[in-house]
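Shared chain: subunit A. Partners: subunit B in the first complex, subunit C in the second.
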Partner chain A sequence: MIRLGTSGRSRQLALVERSPLRHADPRTKLALSMCASLAVMLSLEKLVAFMGLYVLLLFWARLLPEAARQVWRLKWVLLVLFVVDWIFVSLDLAVIIVLRLSLLAGAFALFFATTTPAELRLALEWMRVPYRYAFSLSVAFQSVGLLDDEWRAIREAQQARGAWTRPEGWRKLLESLGDLIALAVPAIVMTTKRAWAMTEAAYARGFDSPHRRPYAQLSMGRLDWNLLAATLAVAVALLLWR
Partner chain B sequence: MNGILRAEQLAYRYPQNEYGLQPISLAAEPGEALLIAGPSGCGKSTLARCLTGLIPHLYHGTLRGSVWVGGLRTEAAPLWQLSERAGLVFQNPSAQMLAESVENEVIFGLENLGLTRQTIKQRLEEALAHFGLQGLRQRSPQTLSGGEQQKLALAAITARRPPVLILDEPLSMLDGTAAADLVEHLAKLTASGTTVVTCEHREEFLCDVPGLRTIRLEGRTQPETSPPPSPFRAGSPGGSLEVKGLSVSLGGRPILHDLHLSVEGGEVVAVVGRNGVGKTTLLRALAGLQQHGGTINIDGRDPDLGLVFQNADLQLFNASVRDEILYKVAAPDPELYGWLLQALGLAAYEEVPPLLLSEGEKKRVALATVLMRRPRDGLLLDEPSLGQDAAHKSLLIRLARSLAGAGQRVILTTHDLPLAVQADRLLLLGPEGFVADGPPAQVLEAHAAWADLGLRVPHWLEVPERVVEERGGL
Partner chain C sequence: MTDQPETAATTRRYFSTFQLILLALFAALVVVAKIALRLPLQLPGHSGIFWMTIVVVAAGVVHKPGAASLVGLTSGIIAGFLGLGDFGALNTFLSYTAVGVGADLTLWLLGGNAENLMIATLAATFGHMMKFLVKWGFGIVTGAPVGFVALGLLRALLGYVIFGALGGLLGALTLKALRRAGFFQYLAEKR
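Right after this comes the complex of A and B.
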C-alpha cells in the first residue's frame, strides 16, 4: 500500500499552513497568480520592478522557500537558455527570458502551496468549469504526491528481484536506461489502475448526480479585498509607467 | 423472485480476457446478510460491480441476465440513482479515497444526494462518531492505516444510507481486531434493515453475523497435476539471521525501535501485529531496502533474502509469464522453472501477459520471479495471502516448508491468523517490539500480550496439527 507523509501531499506540493494566504479565498489567490503570470509580457525594467514586488509578497506570505524550490527545479533549463541566448542573441534577452520563466515557475507556487484540492474545485466551478472537469483536476492535483511514492516503491520492488540496479557512474547510467521499462510499465499500470479505481469510487457515490449541492461555500473577506485592491494598484502603476 | 436485490441468470465476460462471472441467480430481502464465497478468480468482484450497476455502465464486456436494485433495473437506470440504492465498498480502501481530508471524503457522497448543508453536517457527525473517526477528521485519508481507511470507506458509503450495502473483500487488509469490529458493525447494519452482501475469502470471520446466507461461486477449473519433486534439496541450515538493535524512523516518526530477533535456517516464522505497527518496514530492512540503525547479518555478512511485495503490480512488466520469471536470471535452472510453474499453478499461463492475470495469480508470478533468483538465505513474504483462496494459501505454506526443508528461512508478515498459525514460530509485534515469540499454540495462549496490543484471537481459530507432519517437502 502506498502512503504519503503526514501532510498527505508530496514535499513539492506541501500545504503551507502558516501562510496568511492560507485563509484567503481561492479566487483571490488564483487572480494573483494569473496577474503574476501575465506580467511576463512586461518590458525588462517593469518586469524587474514587478518581480521585486512579487518577492516581497511571497516573503510576507511566507512562501519564498516554496517559490524558490519551484524555480530551483528548473535550474538546468534556465542555465542552458541563459547561455544560449547570451551567446547567440544578447545579454538583455538572456536575462529577460530567465526572469520570465522564473516568474512563471514561481507564480503558481502562491496558489498551489496555500490551496486544498477542494478549494481548487470550488474556484474552478465558480469560473463555470463543468463539475466533472473541476473534480478531475482537483483529484489529479491531490494525487501528484502519490506518484513520487509509487515511483520509489516500484524502484525498491524491482531492486528486490534484481531487475533494476541503482546507477553509479555514467557507464552504469547508460546500462540502466534499458532497465527503465522495468520501472515505467508498473508506473503506468499503477497510475492507470488508480485512476480507474477512483473513477469507480466516484460513480459508486453518485458522482453523476444532477442533484449535487456543494457543502462548502466560497466567501471573500477583508484580506481578499485588500489583496485585490493592491493588485489593481500595481497593475495601474505598471500601465501608467513610461 | 422478489426482494430489494435480485439477479436473474446473471453472467458477464470481460472484453480483454476470459475472466468474468458464470451464470448466477440470487435475491435478498431487507436486513438479510449474504456471503458470496468462492476461490480466486471466480468472479466475486465482478458480481459486486454487476449488483451496483458499474457493470455494464462503466465496463463494456458481454452481460447476460438482469439485476434489479430497489426496483430499478441496473442496465436502464443511471448510476447516480443506483448508487442511492446500493453502496459499494471496494477491495482496496486506499484506491477509493477521493478527497484530501477524512471529513471531505464523507461529505463527497452526501453532496451528491442533494442534501441541505444542515443534513450533510448532521450525517457527517454521525458517521464520524459511529466509526470513531472524529479525531482524524482533518487528516489526509492516504496517511491513515489500512484499518482506518476501511472504516472511512465504510463511513463514506453508509452515511448515504443505501438500503443495500455491498462489500468486496472488506477484511483482506484488516488485522484481527479491525476485522472483528467490522463484522460487528455489519451485524448492526443488518439488524437495522440494511441488506449486506459481502464478497470475501476469509469466510470464517463472518460466521458471527446472524442469519448469514452463503452463496458459493464456482471457480475456473484447472487440470489437477501433481508437481514434480521439489528442486530445493534438503540441506543443512546455515548460520542464524541475527537482528540486533534494529531501529527505523520514517518521516521523523519512529517505526521500529531497538528490535532484536534471531531466525535459524529451516524456520518458517510468521509476524503478526496491528495495521501500521511496522511489519512491512521490518521486511524492507531485512531485504536491505530500508535505512536503519542496528545490525542485520548472517555469520557476519549481509543476508541475501528475496522479498515478495504485497502489491504484485510493483514488480510485473514483461510480455509473458515466462519472460517475467526468467528476466535477468543468469543461467536459469530449467528444473526450478518448470517446478515453479507447476507448484504455483502457473503452467497454463506461461505465454500470457502477467498483467492480464487475476490479483492472486499475479502474486504467485511475483513469488516465482523472486524464487527463480534462488536467494541464498531465504524468503520474505509481505501479506502473501492477500487475494489468495484457501487452496493457494495452503500451497504457500507448503512452499515455505519446502524452502525451510532446504535449510532456508521464510519470514512472512500477515493479518491472516489462520495462515500465521501454520508457521513454526509466531511473533507478535507491538509498538515497543516483539511481545510474544514461540510456537503458535503457545503464543495464542499469551492472552495478556494480545489484549495489550488491542488484538483478538478469534474463538474459532485452531492450530493445525499438520504443522509438524508436513515439514520437509511440497
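Right after this comes the complex of A and C.
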C-alpha cells in the first residue's frame, strides 16, 4: 500500500500485492486493459462470453473485489439505465448497456491495482514518451502527499486569520469568492518554490545528462507472453465466432 | 555528418525542465484540491471551482499552448491511480485530460491571455464542459439511448457550466493577485 498524503481524507494507492499480475510487465497489463475496453464494441452474445472470461481472469488475478468496488459505485446509474432501457426499448439493450458500462468502469482496475507509478514511468519511456515527461509524472505522484499537507496547512492558517470560511450554500459561496483567492495564491507560490527546488536538485543529480541510463529496465517474462497469447486467442475466437 | 551526442545546449525544448516540473506539481495540486476541498453544495461538478482555477493559473504562469493540456493529462493519470471518479479509471483519465485540452484550445483560440477575466471564464467553462462531453461519449460508445443520457446529464451540465465559469473567474483573479504580489518578477529572476 502506497500512502499519498498523511492527514485527513487523503487517498491511498491500493496495490494488490498478492495478485499474480503484480509481477507482470506493465505493458502487458496496459494491453490487457485496452483490449478489455475495446470489447464494449462486441455484440450481446460475444460480450456475455467475454465478460465470463474477464471475470475468470479477475478471479485468478485476485482483483475481483477491486473491479466489483468500481462497478458498485455505479449501482444507481446502472439500475436506472437498466430499468429505463428495459421499459422503453428492450431487455437486450438494457443488458448490453449495463455490461458495457460495467466493463468500462472495471477494465482498468486490472492495470491500476497492480502497477506502481514507477512502473508506469518505465512503460511510458518504452513507449518513447520523452524521459523528462515521464520524470515529471513521477514527480507529480511523489508530491501529492506533500502538497496535500501544505494545502491543509494553508487552509488552517487562513481559517485562523479569518480569511477563509467554508461557504455554506450558494449566497455564501458567491460572497466568499474573494476568500478563495486567499487559499489559491499561497498554494501557487509554495508549489512554484517547490518546483524550483526540485529542478535544481534534479540538475544537481545530472538530470539532463546525455548519457543517462534508466535505473531499471522492463523485461517480458513467461507470464507476460502467456497472457498476451491468451488475449490474442480470445480475440481471434471472438472475431471468428458467428 | 558527425555523430554528436544530444545535449541540453543543442536541443531546443518546448517546455523547460522547470516548467515541466511546475506543471506536474500543478497537476498534483488539482488532485489534492479535488480530494481535500468539498463544498456543501448539492450540485455535481462543484470541485471544478478549484480545479479550473489551478488549470487557468497553470496556463497563465507557463503561458504556452499545451500547458493546461499537460496539467489535465498528468492529473488524469494520478486521479486514475487514486481511484477518483465514479465511472472507472478510463473515464477519469479521459475527463481530466479533456478538461485541460478544452481549456487550452479555448485559450489558444481567444488569444491566450489567461489574466483576462472574460477569456479565462470562457476557457474554464468550455474546459469543464468537456467532462460532460466525455460522459456523453461514453454514453454513445456503450449504445445508451442519447435522449436518456442527455436527460441524466442535464443537471450535471448546469454544474459544469456554473462551476467552470466560477473557476475561470477565480483563476484570472488569482493571476492578477499573483502579479500584484510580484510573483511574475520572482519567476523572471529565477529564469
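Please note the rule applied: the second predicted complex is superposed on the first by the 144 of 242 C-alpha atoms of A that agree within 3 Å, B and C clash if a C-alpha of one lies under 4 Å from a C-alpha of the other, contacts with A are read in each partner's own complex, and residues count from 1 in each chain.
Simple rule for what comes next: contacts are C-beta pairs under 8 Å (C-beta built on N, C-alpha and C of every residue); 3 or more make two chains touch, one makes a residue touch a chain.
On a predicted model such as this, the values are computed, not experimentally measured, just so you know.
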Touched partner set for A:S90, first subunit B, second subunit C, both or neither: neither
Partner chain(s) touched by A:S43 [first = subunit B, second = subunit C, both, neither]: neither
First (subunit B), second (subunit C), both or neither touched by A:P210: both
Touched partner set for A:A118, first subunit B, second subunit C, both or neither: first
Touched partner set for A:V189, first subunit B, second subunit C, both or neither: both
Greater subunit A contact set [subunit C / subunit B]: C
Touching partner for A:L104 - first (subunit B), second (subunit C), both, neither: second
Partner chain in contact with A:E156 - subunit B first, subunit C second, else both or neither: first
Partner chain(s) touched by A:N226 [first = subunit B, second = subunit C, both, neither]: neither
Partner chain in contact with A:I181 - subunit B first, subunit C second, else both or neither: both
Touching both subunit C and subunit B, counted on subunit A across the two superposed complexes: 4-5, 8-9, 117, 139, 181, 184-185, 189, 194, 198-199, 202-203, 207-208, 210-211
Sites on subunit A touched by subunit C in the complex: 4-5, 8-14, 37, 40, 70, 73-74, 77, 80-81, 84-85, 88-89, 93, 96-97, 100-101, 104-109, 111-112, 117, 120, 132-133, 135-137, 139-141, 143-144, 147-148, 151-152, 155, 166-170, 173, 177-178, 180-181, 184-185, 187-189, 191-192, 194-196, 198-199, 202-203, 207-208, 210-211
Of subunit A, residues touching subunit B in the complex: 1-9, 116-118, 139, 142, 145-146, 153-154, 156-163, 181-182, 184-186, 189-190, 193-194, 197-216
Complex contacts: residues of subunit C adjacent to subunit A: 5-8, 13, 15, 17-18, 20-29, 31-33, 35-36, 39-41, 49-50, 53-54, 57, 61, 74-75, 77-78, 80-84, 86-91, 93, 138, 141-145, 148, 152, 166, 169-170, 173-174, 177-178, 181, 183, 186-187, 190
Of subunit B, residues touching subunit A in the complex: 49, 52, 54, 57-58, 78-80, 83-84, 87-88, 90, 92, 94-101, 104, 107-117, 120-121, 139-143, 146, 156-157, 160, 173, 251, 253, 284, 287, 289, 306-307, 309-311, 313-317, 327-329, 355, 366, 369-370, 373
